[in-house]
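A single structure is presented below for examination.
First chain written, first letter: the chains are A, B, C and D, and each begins at residue 1.
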Amino acid sequence: MPDFGYKISKDRQINFDENSKNLFAEVAMREPSVYRCISCGTCAATCSAAQFTSYSLRKMILLLKRGEDKEVITSVSRCMLCGKCQLACPMGVNTRNLILSIQNAIKKLSHV
Amino acid sequence: MSKKVLIIGAGVAGLEASGVLSKLGYNVTIVEESDRIGGKLNRWSHLFPSRRPASEVLEHLQLNLDPNTVIITNSKITDIAVKDTSIEASLNTGKHIDADAVLISTGFELFDAKKKEEYGYQIYENVITSADLEKIFKEGKELTTSKGKAPKRIGIIHCVGSRDEKVGNTYCSKVCCVTGVKQAIEIKEHLSSCEVFNFYMDLRMYDRHFEDLYQEAQVKHHVQFIRGRLSEAFENPDGTVMVKVEDTLLGKPMKMNLDLVVLLVGMTAGNNSLFKKQLRLETGTDKFLVPADEHFKSVSSKQKGVFFAGACTGPKTIENTITEARAAALEIAGYLKN
Amino acid sequence: MFDWFVLPFTLGLVFLLGFIAWKFTSWIKSLTQEDQEKLVKSLATRKTLVSIREIISESLLHRKIFKTNRMLGYMHMSLAFGWLLLILAGNLESRIFNHGEMGPPYVPIFFRFFHPNPEIFRFHQEFSFLMDLLLVFVLSGVALAYYKRLNSKFLGLKKTTKHVMGDRIALTALWFIFPLRLLAESFSSGAFGGGSFLTSTTGSFLNSFLPSEILYYPFWLAYSSALGMFFVALPFSRYMHIPTETLLIVLRNAGIKEQKSHTGFTDVELNSCSRCGICIDSCQLSSAAAINNVQSVYQLRDIRYNTVDQDRSLNCLMCGRCDQACPVGIDIAAIRQIKRNELNPGMKEEYSYVHPAKAQQADVVYFAGCMSHLTPSIKHSVVQSFKKGGINFWFMDETESICCGRPLLLAGKSEEAKALMQKNKTAIEQSHAKALVTNCPICYKMFKNEYGLDIPVYHHSQYFAGLIENNLMQLEKQNITAVYHDPCELGRGSNVYKEPRKVLNQALTLISAEEEGEKSLCCGGSLGNTTISTEQRNKITQDACDTLLKQNPDVLITSCPLCKKTFQKVSDVPVYDLAEIVNGAIVINTKNKSKANQNSKIIKKELLEEEISNQTYPD
Amino acid sequence: MLQEGKKALWKEYQKEIADDRYFYVRSCVRQNFFPASETTFLRILTEELGKSVYEHPHHTSCSGVGYHSDVIPFETTMTMVARQFALMTESGFMNFVPSCITSFGLYTEVLETWHHFPEVEARIRETLRKATGREFEKPANLAHASDIIYKLRNEIADRAKYKLVNHNTGQPLRGVEHIGCHYAKMFPHKGVGGAEYPYVLVGMIESWGGEVVDYPERRHCCGFGFRQYLVKANRGYSVASSKKKFESMAPYKPDFILTNCPGCPYFLDRWQYAIAEMEGTTYGEDGMGIPVLTYEELAGLVLGYDPWDLGLQVHQVSVEPLLDKMGIPYNSSKKYLGKNGKFLGVPFKPAAIKVC
């Protein structure tokens, strides 16, 4: 291949139809309170891990809903399970079990 | 002899004000452009947030009408003038009406979704408006794609014709958000396996029970809310519609195919040119009529003897319209007593 | 002396004894090396006597169950102790009859079959009377057991345990054993005479309309079969607790405890559970949130039969109330924790982004913990109190909060917790502090038990109590009544009950709550439970709060940020942390008298009039 | 697709297009990219249809490329544009016809600016007068060269030797169109059919017997955007844009891509080679590409001009399969002969994409 000096840029677009939503379905079955999330971001704002990394539970929930699993898998392991998000969440999302459910669902669907 | 009030428009505001004015002892004449009373209420199936049948509200409004009320349908005001203490109006039928006060309750027009060309209304087979959807529900028809199949995925597009400089409407139409949530639930109740997506910019669940409805949509019906305004829609050769939005909460562009697209059309002002010209009433940049004072004379115009009620002065819910109609009736009564 | 009908009993007994021997051996074999040595060392010492005493008082007399409910205690005692006495007396009778010869084991059991009317030996009447009396004793227990099935509340149990198949078989057999013995002995008496007030009377009565000569044999056979069936089913049923509990007592008295993973001791504990169901009633998930299938009895049963459900393991507040209530004294929390560790999904955690806090040299390290950052008035009060007390401290997690690791541990992620612990430990050691103080019981338990720090770890209540005791801090008593809520992790979890009360008694008037100390309720906010829904949590909180506020105190006080935040949701009276009370009531700082005096007067006045809203730390 | 609705919309976007006496201004780059396209435009208009077209020798770049790359200020650009208008006025023409889409967009933008801000126009007139001594009239009609071919499409159809029909099967050929962004996206009413459903190229294909496939990414940029390709590091983005379009159109198996902009056909043509080299993907039949044509080239083919006179040999993607379908004869041995009959040499044959 000739050296063009550049590569085809990767498409950032979420291809909703092609993305599988199985992981989200598995997670939602384990922790239905995920449906209550209104993406307010309180969880990420109080999160200790989010002080140091791009970790955001709000974002993870959305990524799961869109089937962008890869980002979730790399990010979910940063949680310290401390539970601040659970105290802060205004909608009563059971956040700690949600995170454990994501981990368990990932394991079950052997994404790891 | 009791005094006469002319009401222009037999929608929710006109009918409610008429009922109250009759009770207060005034002679009421209502002029209505279309062939029936009730206005847009005739087009809705169920009302948010309680999901009460629209027909029930209309029935209630009709029951409150005084039998002596004169209702002139299929007629348009062609000329109107304030003469000292009276108002004279002529109709396109050649009829003349004298009154001591006039209530403008002409309501609103639905935004013409064709103006939002990139959404393909009346070009793409599977793009309909929220009003079309109401019609389907009202007539009890089955919700299908253009090919007669049950849609598997429906997108509801918020803010069509609202908050959009490109179509000349920069204001919020207030009622579409909750309508979108209500219709999403109704769709899910008809077609439980259908995925429903609401594409919104902001969810303005400002009134009582609206937030409950939104939570019900999410928790009970698993309706998905995607924050991002539809930028472009394309029709695939199989008739499905590919939509492109940015998922603004993820900061990523996204595309998906929808079997059916519902455009939540907003409210636009009716044609107020006659009132502007002959009654010298003002309209705002949003083209809705401007009351004499936003706080204390919200149902009065700057013109003596001319009053407002309902969506002619801006987008309103039916509840607010009814409250305003009653306020206007009392304001008129106060005016006519002096 | 032999008859074919004794076979079911004899074979069952042989099977049972063999099974127990095999099980006990294998459990002891799978103890850790260290524990095995402990066991050997403890044999034939004073500990053995302690064990024997305990076996008598618990396994036979069921002292603890008696304490819970007399009827229930009597039922257990009559069955266990009565049966033993029956066996002992039967043996004695048989031995005397046979002039000291014991004979095969079935002989004393079926003595009345072989010798329905043994008038030939001394004391036969006394023995007949004694045996009948003991049978009445046992039968009264059986009758209570029947009734318990119909109406468990009568025996003080709100909920009764659901059974597995082994249980049903064994239970059915057990229910039939003594009535069948009664009938068999009565028919024998009816046919051949003999017996005492019970069997003789019943025998004559039955004989009046039934052919005793024909019926006595089938009933002896049935009696033997019921016994045999019970013995065979026992190892697979909850009745395995009868032999296992004795082993448990011996092991426990040898100083053996649960480890971080499953050992032979765990098996002994699992098999010692009689599934009495007392833990169900102590569980707030059951009493307040109507969750009735996750309690410890079910968790232990699931582990024993290897049918563990992940959600069930995680659906527990880890409050320790059931540990406290368990009459067998099983270390339930530890067993649950072992199971959680096993269920850990095992995703590799990524904590490289976490860096140890930059250590500052100080006498005391103060660690507020994650939850305190959501209840800033607590950390503010601790900081202010320290300042007023002239304490040289370093606020370790003032800006960057790194979790102590306990929530991870509770979720079964012990390895992951270690990664975080190491980072905190490094910072603590670098500060060269002489003590660590935290206001969070969750962190406290973690630092104290898991970190292995060289310096003492104090909960702030302990630290303040120490300051007061040493006259380094003085509080002024205010005209307020308060109820103190013992946080689970501090009370049952760390056995700290006195110090908070000592401190609070200086500052206000404590009134006692309905459930306090070891019996204290969980606030419902527990990090130990991950699966419970918010609504269910709220029910527990509401229920606990209602109980605490029954005496209408002015304020509710706790010493855990999580409890405070949880109770605040529902409480009608203000909820304070102990630190807030201390900060508001400090009168004299012996090192810095005049300044502190001025401060305290202002603070104490304002304490109840307004919530402490200042969330920053003015120097 | 509801054709009625589309037609109703097209009706709202009709523009006036002059029918004769055109002042034609060339594109900076087209003569290099597609060397015969502009010549063919002149040939069709003058030889075939007898129109009067004038080209001024002093015409320069409109400076749109500099304007859109942020290197030339708008004031300067407007003065440059004013000078082109002055050349037109001096030549006695009123109908301004740029060949380049960016020029067309720019002229439109300048005229609109002057329409709304007459003081700007006055200032530019003054600047131009001071700098060059020239005066100008604004064009009576501004139309892109593709508008002219669109207007004359039926006359071309009347003279057509070949149709956009597969001569073996009789089935219409399937074309996809790509409109240059600057044609109507900025000023929808200045483009035939508007911005969302432009009709200018669709009209040509339909008139000449073909069928248009509306593919999902029709509106997406080809990737030529000045900021994208001028900086080498950004070209990955440029090629990604083209790729998005190819992937969207390929399932509909188009016989050709029709364009009306200098950059679009260039990138859509050349990137097919680059993508094949980088990822091994080709989008046409049998490992070939999808032929890309300018509207002049397509008109020339329909009118029966020799493919090599239309400059089709300099395309990266071979056009022979399309010629075969249309039944147009061609002499392969003459493919690489210059206008003067001299052999130009055979270009390097890539391995990743099949060429004839």
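We take it that a contact is a pair of C-beta atoms (placed from the backbone, for glycine too) under 8 Å apart; a residue touches a chain by one contact, two chains touch by 3 or more.
The model shown is predicted, which means the values in this text are computed figures rather than measured ones.
Undergrad: Tell me, which chains sit next to both subunit B and subunit C?
TA: Joint contacts, listed by label: A.
Undergrad: Compute per-chain Cα centres, compare each with the mean of all protein Cα atoms, and return the closest chain.
TA: A
Undergrad: Would you mind pulling out the distance in Å between where the CA atoms of subunit B average out and where those of subunit D do?
TA: 46
Undergrad: In whole angstrom, how far does the Cα centroid of subunit A sit from the Cα centroid of subunit C?
TA: From the centre of subunit A to the centre of subunit C is 38 Å.
Undergrad: Run through the chains and report each pair that touches.
TA: Every pair of chains in contact is listed here: A-B, A-C, A-D, B-D.
Undergrad: In the complex formed with subunit C, which residues of subunit A make contact?
TA: The contact residues of subunit A facing subunit C are 30, 33, 46, 48-49, 51-53, 76-84, 87-88, 92-94, 96-97, 100, 103-104, 106-107, 112.
Undergrad: Which of the residues in subunit A end up touching subunit B in this complex?
TA: 12-17, 28, 32, 35-39, 58-59, 62-63, 65-66, 68, 91
Undergrad: Quick check: in the complex, which residue numbers of subunit C touch subunit A?
TA: Interface residues on subunit C, with respect to subunit A: 310-311, 314, 345-351, 353-355, 370-371, 373-374, 400-403, 405, 407-408, 411, 413, 420, 525, 527, 530-535, 562, 565.
Undergrad: Quick check: in the complex, which residue numbers of subunit B touch subunit A?
TA: Per the stated touch rule, the residues are 214-215, 218-219, 222, 224, 227, 247, 249-250, 252-257.
Undergrad: Quick one: in the complex, what on subunit B touches subunit D?
TA: 114, 117-118, 121-125, 232, 234-237, 242
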